[in-house]
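The letters A, B, C and D name the chains in turn, as written, and every chain counts its residues from 1.
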Amino acid sequence: MPRTTLHRVTIQFGDCDPAGIVFFPNFSRWMDAASLSFFLQCGLAPWRELVKTRGIVGTPLLEIHTKFLKAATYGEDIIVATHVDEWRPKTFTQVHRVTRARVEGGEDLICEGREIRAFVRRDADNPDRLRAMPVPDDIKALCE
Amino acid sequence: MPRTTLHRVTIQFGDCDPAGIVFFPNFSRWMDAASLSFFLQCGLAPWRELVKTRGIVGTPLLEIHTKFLKAATYGEDIIVATHVDEWRPKTFTQVHRVTRARVEGGEDLICEGREIRAFVRRDADNPDRLRAMPVPDDIKALCE
Amino acid sequence: MPRTTLHRVTIQFGDCDPAGIVFFPNFSRWMDAASLSFFLQCGLAPWRELVKTRGIVGTPLLEIHTKFLKAATYGEDIIVATHVDEWRPKTFTQVHRVTRARVEGGEDLICEGREIRAFVRRDADNPDRLRAMPVPDDIKALCE
Amino acid sequence: MPRTTLHRVTIQFGDCDPAGIVFFPNFSRWMDAASLSFFLQCGLAPWRELVKTRGIVGTPLLEIHTKFLKAATYGEDIIVATHVDEWRPKTFTQVHRVTRARVEGGEDLICEGREIRAFVRRDADNPDRLRAMPVPDDIKALCE
């Protein structure tokens, strides 16, 4: 069972659209926050430190596949449970399961996202360009 | 060749993150705008009219799969080209190709999203609940 | 001393702009969340209930005046302290003080916003139009 | 009459809240875009160029005072008209008037924002810290 971290969000009025439910790009926003929270909870320093010490700018997204099962609305608390499903030489797959926080009862799955991400650094010749780098072994070890 | 509509966006400073590139949930936001723009350009009335005349609340997302190929930053103009790839009885697949607007040269693809959406109405017994409805034939005809 | 409620926010990577600091409209977003949180913490039902029971759609903003004193960045926790500074017949002034959450030391004020808001209902003749209503006495009593 | 630039926005579904009107922090977002658009239309290079050539990181906001007069909803086009109302040694006041775009008829003012901003550079001793700098004379000349 891989290491799994939790990220809690209270849905706000302004996160919802005229249909009264969460405007879906906000789920991508919360999954992105959960992705970074995963690394911080595993013991990594924030990107603004890592860019200075190791040149790591962040873990931009290469691909995301999200399935929406139920709607959610403001005033509700949701929990994003995050783990890394697969490590490859230069990319990894991070999975986010978003459920409604509940005092009792079974899991109430709202949506699930599978992200392919890569650690990147700035290109030596062109600093405006970001390049994928091999997944650092020490970071991988922290996150398993 | 299915009907394809264009939706142009100028990327703003606030759309970008500390790495200087578009914060990716904004692409979902622009694809959602392009999805609605597609229907409006095909001749549909806005949802706030259709909810009154036909009970159609909108076309919420069931699934989205996006691949990110290149980064984009503020000051750049992008074009979202949208078409419906497949119509099924109760859902349809809408594809959004996001390219950099350029005066000349080949297409510069930034990302591509495949969305599965459904037309929904409010449940008769519980108006807080949204239900998928069959794709209306007249709407399908307008969009092909 | 008027009733004051607290609303805590962890600043996310995507809340920050290419300068690495919070993109300021997010402070407006957090103040709006704090405004609603104030009413919920004071005992009001959410708007989607109040619109059914009493016709109250919400408390849209008429005016906001925000002063920014310090920058904040992702990974930091901030606290929005909210109170109503003045009740008038049809409007009220809500003040939000945003400080950095700290274990010790004095208050670290990041920004402060003064909002003028009104309770609104839908116009009887034109439901698309929102109209200010007198501040309900029972709600005022809950919030003082 | 000071130089005034226009910035046009089409309001999207996701820009609106459960009350069906624009979630107000989006107006701050559009005013910020209009602020930068003003400088670009006046002939300035984007910040990512100016930070390299002149050390100018941007023009962060010190204060904003916005009055909301009318609501707006998705599908509507709005125009943000921007000018600098006052130049001081280290700050300037930028005014944004947001009106509904209309083919004919008088101006339909939705909201108006007055911003106090400053040009900033990174502190020589602590690059994480931003410092206000005197308004550059050549930039002021371009914008009048």
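As a convention for this text, a contact is a pair of C-beta atoms (placed from the backbone, for glycine too) under 8 Å apart; a residue touches a chain by one contact, two chains touch by 3 or more.
Quick caveat, the model's predicted, so the values are computed rather than measured.
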Practice item. Quick one: compare the interface residues of chain B with those of chain C and tell me same or different, with half as the dividing line. Key: same
Exercise for review: Taking each chain's centre as the mean of its C-alpha atoms, give the chain farthest from chain A.
Suggested key: D
Review point. Can you give the whole-Å distance between the Cα centres of chain A and chain C?
Key: 28
Check your understanding: What whole-number Å value describes the gap between the mean CA coordinates of chain A and chain D?
Key -> 32
Revision key, fill the gap. Here the gap between chain C and chain D, centre to centre from mean Cα coordinates and rounded to Å, is 23
Review point. Which chain B residues sit where two or more other chains touch them?
Key: 13-14, 18-20, 23, 25, 29, 32, 47-48, 58, 73-74, 128
Study note, to complete from the structure: So, in the complex, the side of chain B touching chain D is made of residues 12-14, 20, 29, 32-33, 36, 40, 46-48, 58, 73-75
**Study point:** Complex interface listing, chain A residues touching chain B
**Key:** 18-21, 23-26, 28-29, 32, 47-48, 57-58, 60-68, 71, 128, 130
Point to revise | Parts of chain D lying in touch with chain A, wherever the complex brings them together | key: 13-14, 16-20, 23, 25, 48, 73-74, 128
